[in-house]
Each structure stands twice: as structure tokens, then as C-alpha cells.
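Per-chain residue numbering starts at 1, and chain names A, B, C and D are given in the order in which the chains are listed.
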Amino acid sequence: MSAPAAIAHDTDDVLVGRPSDTELSDQLLSTTWRPMTRAWKIGFAICGLLTLNLLVMVTLTVLRGIGLWGNNIPVAWGFGIINFVWWIGIGHAGTFISAILLLLEQRWRTSINRFTEGMTLFAVMQAGLFPLLHLGRPWFAYWLFPYPSVMDTWPQVRSALPWDAAAVTTYFSVSVMFWYLGLVPDLAALRDRAPSRTRRIIYGIFALGWRGSVRQWRHYHVAYLLLAGLATPLVLSVHSIVSLDFASTILPGWHSTIFPPFFVAGAILSGFAMVLILILPARRVFGLYNVITPRHLDAAAKMLLITSWIVAYSYIAELFTAWYSGDRYEVYQQIVNRPFGWYAWAYWLMLFCNCVATQVFWSRRMRRSPVVLFAVSVLVSIGMWFERFEIIVVSLSRDFLPSSWYIFIPTWVDLGILAGTLGFFGLLFLAFLRVVPFVPVTELKQMRAEMVHEEVRR
Amino acid sequence: MTRAASARPVLMAEFSSGPALLDGIRALAGSGMSRLDAFTPYEVAGLRQLLGVRRSWLSWIVLAAALAGGGGAYLLQWWINVVDYPLNIGGRPYHSAPAFLPITFEMAVLCASAAALLSAIVLGGLPRLWDPVFEIDGFDRATIDRFWVAVGAGDAALPAIDDAQGRIDITTALGAAGALRVLWLDAADRPDRPGWRDTREDAR
Amino acid sequence: MSAMSHDHPHEHPGPGPGDDDDGGEPGGLDRLSRRALFKLAGAGAAAAGLAACSSRPAREILPYAGQPPEVTPGIPLHYATALVEDGFATGLLVASREGRPVKVEGNPDHPASLGATRAIDQAAVLSLFDPQRARAVTERGVPAAWPAIERMLADATARGGAGLHLVLEPTSSPLVIELVGRLRAALPAAGVTFWSPFTPRSSIAGNRLALGRPLQTQLDFRAADVIVALDADLVGDHPMASAYARQIADRRRVVDGGSAMNRLYAIEAGYTPTGVMADHRMRVRGSQIARIAAELLAELQRGGVPAPAAAGRFAQLTAPPDRARWIAAIARDLARVPGRSVVAAGERQPPAVHATVAAINALLGNAGRTVGYTAPVVFEAGGPSHDLANLVRAIDRHEGDGGGVTTLLILGGNPVYTAPADLAVADAISRVDRSLYLGLYDNETARACRFMVPGLHELEQWGAARAYDGTITPLQPLIEPLFGGRGVADVLHQLLGDPPASPRDRLVQAWPRAVPGADLEAALVRGAVANTALPGVTAALAWDTLAPALAAAAVMPAEPAQADGGATLELDIRPHPFVHDGRYTNNPWLLELPEPTTKLTWDNAAQLSPATAARLGVGDGDVIALTIPGTGGAASRTLAIPAILVPGHADGAITLQTGFGRDGGEDIARGIGGNAFRLWTTTAGFHPAARAVALGEHRALAIAQVEASTGDRPIVLSGTLHALGGEAFRDELAGHRGAQPSLYPAFEARGPQWAMSIDLTTCNGCSACVMACAAENNTPVVGKRQVQNRRQMHWLRIDRYIGRYPGGTTGAGIDAASDATAVVQPMLCQHCERAPCEYVCPVEATSHSPDGLNEMTYNRCIGTRFCSNNCPYKVRRFNWFDYKDHRSLRVLGKNPDVTVRDRGVMEKCTYCVQRIRRTEIDARVADRPIGPEEVQTACQQACPTRAITFGSLTDPQAPVVEHRHRPHSYAVLHDQGTVPRTQYLARIRNPNPALDGTADGAAGDRHGGHG
Amino acid sequence: MAALFPPWTNTATRIVLGAVALAVVGAIATPMIYARSPYATGQQDPVLQPIAFDHRHHVRDDGIDCLYCHEDAERSAFAGVPATERCLGCHNQIWNDTPSIAPLRDSAETGLPIRWQRVHSLPDFVYFDHSVHVRRGIGCVSCHGRVDEMAAVHQVQRLTMSWCLDCHRDPVPNLRPRERITSMTWTPAPGEQAELARRYQPRSLTHCSTCHR
């Protein structure tokens, strides 16, 4: 340990100890070539199977039609769109952490941003499946994009769906770019450190010949900041636009101006929950206690608490506006149907998971207990799924004309696809852990240097 | 002398930390050298200023791309709905400006981001899998934990001091600044080709 | 996706009649039937439109070899013919495309149709092209040769008809009647029985009691100010239902508060369309009707209606308190308008009731005015030959002397299934050595018989029949017999040994004798022979036979409910409105069509009131075992069947509909629902003491509407005629129509502006429009499971809401829920000017046309279903699976003018845009304007009560414009700002002030009531 | 020690990147070009018929008017293909024993139709009506081309939706006098079509249910 490093050692630090550049590099780069642990292998196998099941379900759906799902008239949207919104929401934490917290100069983001960005990408990939799958004729999905067709027809851009298409594709592409740009120096490091020649060549190609020269750093720095600056409004816009799929309609329970902020908050809530669900085991498996410290957990827990309160506020606001508007349909939807209708149980489950369970984080001890964090995160993820269930299924099942009211019951294909995406998500994630350093080495080394610098000053 | 050739390093020195690197650069600057470049595993505070590299102008490219993307998107939507195939959709006006905005915004962001990434790569002289410096022994630590400074062949001050004595002076100066190694890469030799004569002298 | 899809997606080649690959599955277009078709009509260009909306048309063009002069490919021809049911003809016009009948319309010149159709008529095309129809002569199920049967018949003839017995459906056909006459002359030993479960029997017997002669009652509502329907479904279940519905509705059209409107009282057990239409409805068990009729008669006399002394002793007869007020009020209402009222009783009621009713009508002076009597239209109606027991007796005689029946010919019908349970017809038949069945299907009777001969569908037949009023109606085929079937007449001719001749020639020969002085060609063009309705006969009351009948009627029925904790209930059995006595049960259109008042599809169930259900502890779908004790030593019979709750049903009674529980060879009909005939006896339409036990099992029913309350939402507006005169109600109504503030600029409207108006006052929920829509627009059938998944494809549905108004429905039961009253509302695409569905579609698949149509472009739809989510009326339908059955024979019945939708595509009502465009084109080609009523939508055309009006708002002559200006015209969910082009005329009731609970019913009704 | 990548890799990278970019562009452009190619639209592709019917001979040499055989074009959606008996109207007398019209004779005997091959086939969800187009002064040649010069008839126009729209947006350039509908050679005098537009009042119909029902 170098002398200055000895100064700070309390667990409140975002970096325990002051490991040297060499130490950090060895520890964090080696996650890609260290032999795989048993836990990892088991997880990979399970996810593989689930992914296979996803493949089967998707094939079935495309061959026979979405009649295989539980959807009906009135409930024309079911699991497909619920899962879409849920996954997209999860995808939000990544960019939030890496972009917004970067601009807010939150140091605790550094060691987890790559990780969460990865999560974002894979979540958005799951989400992207659904708008495609839920179409009656998926093979015409490209009609959503404007191209000179011999039919001389175009997309109808007053609909929120083309907005969605644009938003989701943009969000995915930008996330990939952001992620890759951040990766380049680490890829270069792997090029120069990886054990086998093949690995070094592969990494070398993707490193594009990065040398870390002043001129490269000069543009790199600005580009990275700009991407963060662009991703920040983007991440806010994406879920706002997703929320417009509902807010732009006249359906009671959808037709609401509060949706955009409400959805973004919910997205970040579910996103952070998923971050914790993933990072706690990873931290344990790869023994990264020094870079992912209680300080990180604490911060994440606080985010959960804050966003869950925003969400709670939105629920209350919905009820109030419904009552205050005096609109008979809105009143019925919000004050009768959801809390006491066919799906009342889902409503109360949602409230418990999203608003009650998170309250434990008023306690500092809870905020730092991995077990509690993990449990609550799982609850929140479930709760947020059911929030989308409330919005989509429950609202549709009872809209304007009572004559067409009807209940929605999912089929085994619905459940199979949901499980499948979970597996596919896990599969990608586990692979990601092995392919690139999931803690940004370069950024961490730089942060360490700055911290040492500051400490020397003191 | 071409740009590439003049950038070709003649003298390179390796340091163990950012601060040390900065000292070394000051030493070189002291001996009037100006065409300097540095290779570091991560951004070293103050390095850019010390080398007198101006802030990147990449932002302007990005701004242009954003405007192009957004403007293009809006125009396309307008043209589709007002000019090419106007249809009565739910009694909404052909030119439904508010409805055109989301896509406009998204396209602006998309183009801007793409521009940012690409220009960062291109302006950084990438992709360039091979570079003379990669030929140097131990340079692979430049991405891990070593900090390098290089003097380009085109340096104006170089001819004046590039003799046996000058080399010794500079080497000692760098050594004093904490350089682990100092390499003189013979200028007489063809640039851009592997296997230079490596006239090494121990710093100690 | 292949690049081709830039143009138009090609998936599977679209087979059709013009396409050369053979449907493999049985019932596919096998060569035989196809060649038969080509002979009649090279289906040529009509292939277009048959294939799905994303597939190539047939690659071949098959022109006629010799083109019939009248045929122009692409232009439909209409032929007048008729459907015959229980012996009564309903005149129809059938549209033919290149020789394929594709659509049935009513015949305006026919008294039983007046241009309208019933749902059953609309479905006829599907029955014709039913792939499961019997195709070949069989003996015990194995293919046999016709000559064998010829020999059998010859043999029977040779023995002078000894041991020969025929069972025919009741007939009014002059041709068949003539043949039967000849047969009886030629083969005196032969026996002839006519059988059909629901042909009029009781009413004729009742008239014999009252008037001394077997007479058929003819009603005329045009001059009737007050109508009392005693367990009589006049607009639903009657050979003249369409015509009667029209007449009653014509007197109920409200222009404003001042309109003259008839008043309809319905007194019935189960809920019927007549009950829906009624101003006052009393729910009583079928067995109580007799007593009520008597009470009414007595009350009339007390009210001073002149009556002969013989009836005098009724004066003391009084109604029990719970209905005394009603009886008094109705009686006063009737007495108010002597000679201008109608009292009618249903066929299920015993003769005594009909006799009483005849007496009432006579005393009110209705006889000869609104109520007439004619000789029975059906041959020997009400006579002994109509008793199926004859057959059994004849066969049983076998055991005794050497006589009995050796050759049994059952020509049509399905006696084995429809026979009263107390007759063991099936095993009687099994005791006959040589039995033959002639019919459309390999049904129960066919299986009981030795020989099966494929019969003819009406649309394959030459012939003639009489309408209920006696009007002669010719039948002509639309297509050659698909499976080379034979008609009843053919067999009779064979028996009589007549030389072979074509059916048409036979008609030409017989016609002059049957209808003297009438030109056949003219009749075929008109579809009816004018002035051939039977002459009315005037008959005085025959008190010597009437008096005992009245006495019988006056007996107060026991209250079975009291017997044992409510387990003993009265069982009412009535024909199902769509599958009737089971003859249409293999028609999926009719099975999937929701029953008008229960909304039940693909099933029949035990209908009972909520109160009774509570007593039995059952809910919808809970199976109950119904048992009726065996009579005369016969074993008791039990039927396990799920229950369905019907608010407004009489307490202590169960209604069962017939036609289900079939177990013949028809795949679709077999095994759905329960067979009510097993509990049916010839004595009466209801059984006073059936035991009902909840079995504790549950059978999921496919009910097309689960929520029955409008939740006080502005969906169905209704009020009294009196209220419509006042400001309050008018203002309320005015708040539900008219312009609303909008941020959007108005769109320039080019050409006509199509709009629809639907009158909820005259709509009785008969559902003919729904079937017409399905037939016109090729909407698929999805089956019971998919209905349970709420995926039915009807573009037009009839919503049934349960409300409660003062005096709407009342009964002995105090239970409020059971006293609820139903209102019905046809719901279809409203063609909103600011359609919420349009702006959410990402690909312009649904857009607005300059003439105000909400267009649905199937081939552009990618199936996001966003439009359905945003449709407040939920009238959009989605193809969850691939529903186009190209391989089936049914494809021939599809409308070539309407795209058959592909899997994954949204669809909905288009205001029959194909009809609009065709008319536009015709008008443009002829350089003339479109007439005010020239475009008719399929639903409008079918509607018996003319409740639907369609036309252009720009045409001052168009009735729809006038409808819009009526005070009670309103838009559903007006508050949503969708500006629908479809508006409704509020449901206006004309209650009897004496029974109307409200002070003066100043404002509209509320539908919050029962959920 | 030598670098991981030799110098030539720099050039290689540029080439590879260029190729990838090209592939992406190609993948998008190719189907669009294909969809417009005669191969996809089925143009310029003479169809083999059961009888080698030569329009050149019948139309040009014999001067038979289109409407003689395709008689329904003025009153029905379908122009109609002549019934066997119509062909026999002439071919009873002339060429009645040529082997080439054997299918015709068979059809006459068996009463089974001749299986002509469709040349102009629109998708089933498109409802084209000959009568109204003809009545508004759109000539045969506008859509079917110079049939009088075709041995075996082939599709001349693209028959894509955009092609239909071209005329539906502005029908005037395709107008001709009703009496010259079937003419293969008619050309407008200056200003004539504007005059026709005034007389025939052709409408520009581009809403969906014009063709899709």
C-alpha cells in the first residue's frame, strides 16, 4: 500500500484501499480469462435451456398466430406489451447511471456503469422482441419505417407506435455506441494483457489500435461527455414515448398526462432493482468487494427509495385526478375496477411491492445488507411488472361499453415467452461477464489517480 | 516532411506514473522540444494543457449532425403527410406538428451520437491496428500502468541537439525526472518499418 | 420477408372454384361436385375475392362453354324462391354470382317476408354448401344403388300399399298434397303420417273448441292499438314472425312525443323478443297463462264488455292480489279500443287457452277486424294424420295380426330426434324390415333406418308451398343438386309409377291444376302468386264446446314451487330461435349467433330466474339434473344440463330450448347442449312438475356478453312516450348529440356523406342483421372455445342490457333482480368522424374516406391491435388464427365482392362499402345520381322491423336525415367526442299510466339497475 | 518484440470496413430495385395459352374490336373472356378443323371451359372495375398496351399500387373520347383531354376503399 492510500479506509469509500494500476488491471481484466466458477456454469446452463424454450415459443407463435396467447377483444394487448414495457424500463438504469450520474460527477457510478450498461443492452434486446412478436403479421414489421415503396404508402406518424420504433431503435443504438466507446481503452488493455494470442488478436481488432495518445484522449474525452449529454435526454424521452402508447389514447386508465414522468420514475425503480439483482451475485462470485463497496449498495438503495416514492406519488395522483375529473369512466377505472375488480389482488400486490417493501431502506443497515437488498429488488421487479399489468390488462378488460367487458387469462405460451426472455437475458449477461471487463478498468484507475491526488493535497 | 513522418517518434521515454510523466515532459520542454506526444493508460490531469493541445472541436460536428438528423426527420414527415399522400386520419390535420416531434427528436439524438462516436474514432486516427510505437518493447504496458512520452521526428529543436552529447544530456534529464527507460529511435532509418536499430542507454 | 412483399405479399395460392387443386379433406371441392358446378357455371372470374387478402388470385380464367344469356360475370342475379319450415313458406330473393348462390334477401312481394329475413333464412346458403350433407344412397351406412330402392318401392306398390307407411313433414305444397291424394287412392292400404314438432296443432284445436271448426288464426296488427301476447312470441317464434314484427313495429315508430303508438303487453315465462319489445311484461309460468286468460275474460265482463249469458258465471272469477292490478289495467286498456286490439296465445298453450283467447277476441269485436280465421294452410293440420303415435301404433300392430308396417318411408324431418319422449319411435322403426330415410343429413333418423337417400336443399328444388296466410309460393333451384339428391315428390312419383320427368317439367305440368289461372313464369319472377291468401271465414262462438274449455282454463294451477323446497319446477320447452327443432344445428353460423335474450352461443341451457337459481344454489354453467316422472308406468327421464340465469324469467320455472343434444352423423351438431325433446311430451309445451337437482359439476358456457348493466353510462337512452313530450327528457337527449368544440380543422367532405340511424324502439334483438352481416361480409366462425376466449368475429353484435323501469317487467316473484327488463342495442362500427382508431394505426391501415367512411384496409394491416384498444365501442375484430377455409365446400358461398381476411389482420363493419362502391360505380356508369335509399346495408335490408336506416346526410330525401332531426336521436358515448356517423333513436316505451310507477315519467329511464 | 498486428492490417481494416458499409447499403437497396423490376411485377413475360391465340391476327388483320370478345368491359367489373360458343361463332365456318383449336372443339363437346391463363392478375384484395374506367374514357391500351402487336399477350404496365395511383391522382393525361376507347393508336389533339375532363368529370380517388374492400 502506498502511503496516501493508507489515509482513507472506511467502507464508505467507493474504492477500498488504493490498489496500484497494476493491481487493479490484473484484478479486473482477469475476470475475462479466470477459470469459470461452478455457479457461473450452472446459471449458464439454466439460462441456455430457458432460451431454447423461448425459441420454441416464438416459432410456435409465428407459425400458428398470436391466437396462442391469452389476448382477446377487449384485451387486445396482453403479456406482449407488458413484457415490452417492463424490459424497456429495466433498460433505463444503465444509461441513467452511466450518463446522468456521470454528468452529476457521482464517483460511485464508476465501478458499476459498464455493468449496468451491459444490462441495459440486454434488457432492451428482450424488449425489442415483443413489439415484433405481438404483431398479427410480424413479417410486415418493416412497414413501420419510411422507405420508398411501390405501394407509395408510408408509416402513419400520428400513431405512438412509430415513435416507439424510433425511440427504441435510437436508444439501443446509442447505448451500444456509448458502451463501446467506453470500452475501447479497456479492450486495448486486454489486447496488451490477455493471456492467449487469439484473445489478444480479437480484442486488438475491437480496440482499433488504441494507443492512448494525447490526441486520442483529447477527442475521446469530449465524445464521451457528449454521448453522456445526449443519452441523458434520450433516456428520459424513451420511456416518456413508451408511455405515450397509452397516454395518447382515450382509454380510461391510459388517457393520462402524468404518464411520461410516472413511467420514467418507474423505469428507474425497476432498473435499479435489476442492477442489484445482478450485481450482488456477481460481486460475490468474482470477489469484487473492494470496487463494489457498501457505499455503492447504499447509493442504489437510496435510488430505490426515492423512485418508489415518486411512483407512489403517481399512484395517488392518478386516483386524485380520476376523482377530481368527475369523468365517470376514469372514476370507475381507477377507484372501482383496479382496487376492487377482477384483478384486485394484482393491484394490492403492486402497491406492496413498489411502495411498501422499499420503505425498509430508511434504515442504513438495511441499505447495506445484500440479502435485504436482493429480496426487495426481486419484489420491486415483480411489482413493476404488475404495474404494467394493471395499466394494460386491467384497463382494457373494462373500458367504455360494459357489453364487451371480459377477463384476460394468460396461456402457457404467454408464460413460456416471459420465462424465455428472462433466460435469454441471463444468458447474454453471463456471457458478457466473461467477454469484457465488467468493471471499467481505465475509468477506475483514473478515478483512483484523482483520489490519490486529492488525498495528497489534504 | 509529411505529417506522418514528422510525427514519427525519435525519442521515447517510459514513466511509472502520471506525475512523473509530467515532470519528464517539462524536462523535454526545457530543452526546447515542442513536437511531443504522450501515451497513457488513462487521462492524466494537466497533460493536455502541458502539451498545449487545444480542446477538441468535435462538438461542432455533433451539433451539425443533430440539426441534420432532426431537420431531415421533420421534413420527411411533413412531406409524407402533406405532399406525397395526404390522408384523413381521424380528422387530424395533415400537418400535425406535435405528432412529428418525437421522431424528430429521436433522429437528432441518433445522428448526433453516431457522429460523436465516429469522429472520436476518426479524429483519433483510428482504426489503425499497427503503429510504429507498437514495435517498441514494453510499450504494451502503456495501456496498463506505464506512461510514455515521445518526441516526433519533425521537432524543430531536434536537429540542434541531436548529437551524442545532446542525447546524453536529455537522457539524464529524463532520468532525473523519473524515466524508467529512454529510447532513441534512429532517424536515419526508414520510418514506419519494424526492426529499427535501438540505441539504448541505461538511464542510471 | 421476401422482397416481393414490397408489391403485394404472396403466401399461398388462392384456391377457389377457378383453381385446379383439389381439397383433400372430405367435404372439400372434390372433382365430382366441382364438375357439377362448372356445368352450371364456369365460376370464372369470380375466383377473385375468394382467396385471402394476402394471396394471389387464381392463375386461370375459366369462361363459360355456353354462356347463359342472363349471366354477366361480375353482376349478381336474383332469383325468387322460398324456404319451407313446418309446412309454411317464407319468400326469398337469392343473389347468384356466376351460378353460385351467395346471399339471401327477403322478398318484398311475399307476405311472410315483406322484404325482410330471419337469421335462419340468412344462413341458408351455408346449409346448402354444408360439406357434411349426405352424398350418396346408403344401406346401413354402406353405399348402395338406387335401383335397389326402386325395387323396394315397386314391391310395396305391388302389394297395394299393404304394410307401407309414409312419414312426411307437414306440407302445404299443392303438388305434394295432390300426390298424397293420388297415393291414398292408388294404395288405400298405405298409411300416411305428417310430423313436425312445432307445426300449429293446439291453436287449431282451440279454435275448433271455440268456433266449432278447425281454423287457423290470422293476426293483423296494422289496426291494433293494444296487443296482449299470452306466452306468444309473435315477433320471434311464429311462421309470420317477420311480417308480424314489421306490422307491430310500424305502429311503434316515434317521430316525436305526439306520435300514436300501440301498447304491447307480454305475459310469458322465458324472455322472448316479443318481451323485449313490450311496454309491459309480466313473467309467469306457462301453466298460469290459462288462468290469466280466464281472469282477463272475467275482468272484461266486469268491465262491461257485452258477453252472452253462457259466459256470465265468470264474472266472479278474480285474479290473485299480486296481479289483480295488472289484469284490471289490461282489461280496461282493451275495452278502451273495441275492435282495435289483438289478444294472442302461443302454440305451446293448450287448446283451452286458445279457445279462451278466441272468445276474448270475439267479445272485444276483434274477430274479423284484427283477428281473422282461415282454413288451415297445412294439409290436414290438427287432424289425426298429424299424430306421430299413428306410426308407432301401425308398427306395433305388426305383433298382433299379420298386418303392420313392412316398408317405412320417412321423407324429410327427423322424427327419431324430435318425437315426444313418450313415444318410442326409434325402436319402433328398428322393428320395420325395410325402412328408408330421405333427408339432407345422416342424422338420428337416417341411422335408425336401413336406407338413406340424400335429399334436396330448398335452394336445389323445384316446387311450391303456401305461406302462413296461404299465399302460393313457387320454389326454384339456384344450383344443381350438389350431391344428386332427390325430392319428396320424386319418391312419391316413383311410388305411383309415374314416368320419369325433370322436376321442372313436373312443376310445369302440375302447376295449372294446383294454381288455376296463375302464370308460372310470372309467379317465379314475383316469388308469390298474388291474391292466393286463404279467404277469411267468420264463425260464431260455439258455446257448447267453448264453455267446458273456459272452465278448464279457469282452474287455478297448483304452485309447484311450494311443493318441496323449490326442487320441483315447471319445465317450459320451446324451439330454439335459430336451430329450431334441430334441423339447423349443423349450421355453425346459427350456433355462434348469440341467442337474443341469453346471449348464449354453441349451446342450450336451463334458463331460470336469479331467484330460482338462488333457491337451487346454481349459477351460470352449474349443471342441474332435470327429471320428469314417467307417465303410465314409463320410466322417468332425466337430462343433465347447465343452468343460465335470465333476469326477467318467471320464478319456479325452467325454460329449455330444443335442437341441441343431437347424436346423428353431423360432426358440428353432435354432442353440444342437451336434448330437450327427451323431456317433451305431446300433451303440452310445458311440464308442471319437473325435479331439478344441482349436480355440483360445472360446464363452461360460451356466453357472448357477461356484464349486463350499463352502469348508468349514456349507452342506451330510453324513456316514455309521455316523457318525450316534455322538456326534461328532450333536453337530456339533446345533450347527447350535436357539435362539440374541437381544436382540429374540419375536413372537406366530398360526395355523399354516409350515415346510419338505428331505432331502439323497434329493435327486438332478433339478430337477423347479425347473420346478414356475416353472410354479406364473409366473417368467419371461430367455435365455442374461441367464443369463450372472447374472439367471435361478428362485425355487428346485439348488446343486451338489463335495466329496471317502473312496470317494465313484473311478476309474482318479489325479487328485484328477476324483475329486471332487457333492452337491446345493435352495436357496430360507428364510423366516427374523429375516429380514435385511425390516429393510432402506425401504417395507415385504417383511415377516413371523403364520403365519411372509416375504412379498414386489410392488406395494409400488420395487426398491432392498437385500433381495437382505442375503440370505445369495441367493435373491431381480429383474426387471431387463420380462419379462411379455402379447402371447404363452404368457400362457394362466400361473397366475391369482399376480401377474405388473412391471419393477423384487424377487421370491422365497413357500412358494406362494397355495396356503396358498386352503387356509386353503377350510377357513374349510367351518369345518374345515387337515389336516396339506393344503397342498403346488409343489416338494414334484413331487418324485419326496419329499425336500421342508412343513407347520405347530403341528400334531403334520405330518411336518415329526417331520423337525425327527431328529438330522440342521440350518439352513443357522445361525451367522448368521437362524432359517430351512426346515431340511435332512443328506446321509447308507451306504458299504461295505470301501471307506470312514476308520477308521469317526466324524464328518461335509468339503466344503472341490475348488474 | 514484434507488434501484434503487421503494418498491412491497417489497409486491410479500411478495405473490410468499406466492404461492410457497401453490404449494408446493398442489403437495403437490392429488394427495392427488385420490387420494381419486370421480374417481380411480371411484365414483359408472354403467357403460354392452351390455344395459341394471336391477337395481332384477330385485332389487326381481321379488325375485330376488343369489345366483340371482351364484351362486358362496358357494364361489368370484369371485361370477360369469350365463351367457347363465341369463338365458334366464326370458327364453325373458318379454320374449324385446324389442330391448333382442338381444345376449343373439346370444350364445345364436353361443355367444360377452356383453361385460359391469366395475364393481368391483381391481388385478391384489389377490386378493379372495368365499366367505370371505360365509361370515364380510359382506353384499353392505357393499361393493356398494344395488344394488337402481341402474338402472345403479356403484361405491359407495372400494375403496382403506385402505378395505379399515378393515374388516380391525375387521370386527365389518360383520357380519351368514349368512342375511341378500344383504339390502339389514338393520340390526343392539343387541349382535347382538358375538354374531355370537363365532359367526363373524372374524379381523383386516392382513399383506400376505392380499390380495397
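Details
Just so we're on the same page, a contact is a pair of C-beta atoms (placed from the backbone, for glycine too) under 8 Å apart; a residue touches a chain by one contact, two chains touch by 3 or more.
Since we're looking at a predicted model, the values are computed, not measured.
Here C is the chain whose Cα centre lies closest to the centre of all protein Cα atoms. More C-beta pairs in contact connect the chains of B-D than those of the other pair, out of A-D and B-D. One simple way to say how far apart two chains are is to compare their mean CA positions; for chain A and chain D this gives 53 Å. In whole angstrom, the spacing between the mean C-alpha positions of chain B and chain D is 61.
Averaged Cα coordinates give chain A a centre that lies 58 Å from the centre of chain C. Centre to centre, using the average C-alpha position, chain C and chain D are separated by 47 Å. Touching two or more other chains at once are residues 4-5, 10, 32, 35, 160, 207 of chain D. For chain B, the set of residues that touch two or more other chains comprises 85, 87-90, 92, 127-131, 134. Among the residues of chain C, those touching two or more other chains are numbered 6-7, 54, 836, 839, 841, 844, 847-850, 860. Of all residues in chain A, those touching chain B in their complex are 20-22, 25, 146, 152-158, 162-163, 166-167, 169-170, 173-174, 177-178, 180-181, 185, 188-189, 191-193, 204-205, 208-224, 226-227, 230-231, 233-234, 237, 241, 244, 442-443, 445-446, 449-450, 453. Note for the complex: chain A touches chain D at residues 147-153, 191, 200-201, 204, 209.
Across the interface of their complex, chain B is touched by residues 742, 744-745, 747, 832-839, 841, 844, 847-850, 979 of chain C. Touching chain C in their complex are the following residues of chain B: 87-93. The touching residues of chain D, counted against chain B in their complex, run 1-10, 13-14, 17, 206-207.
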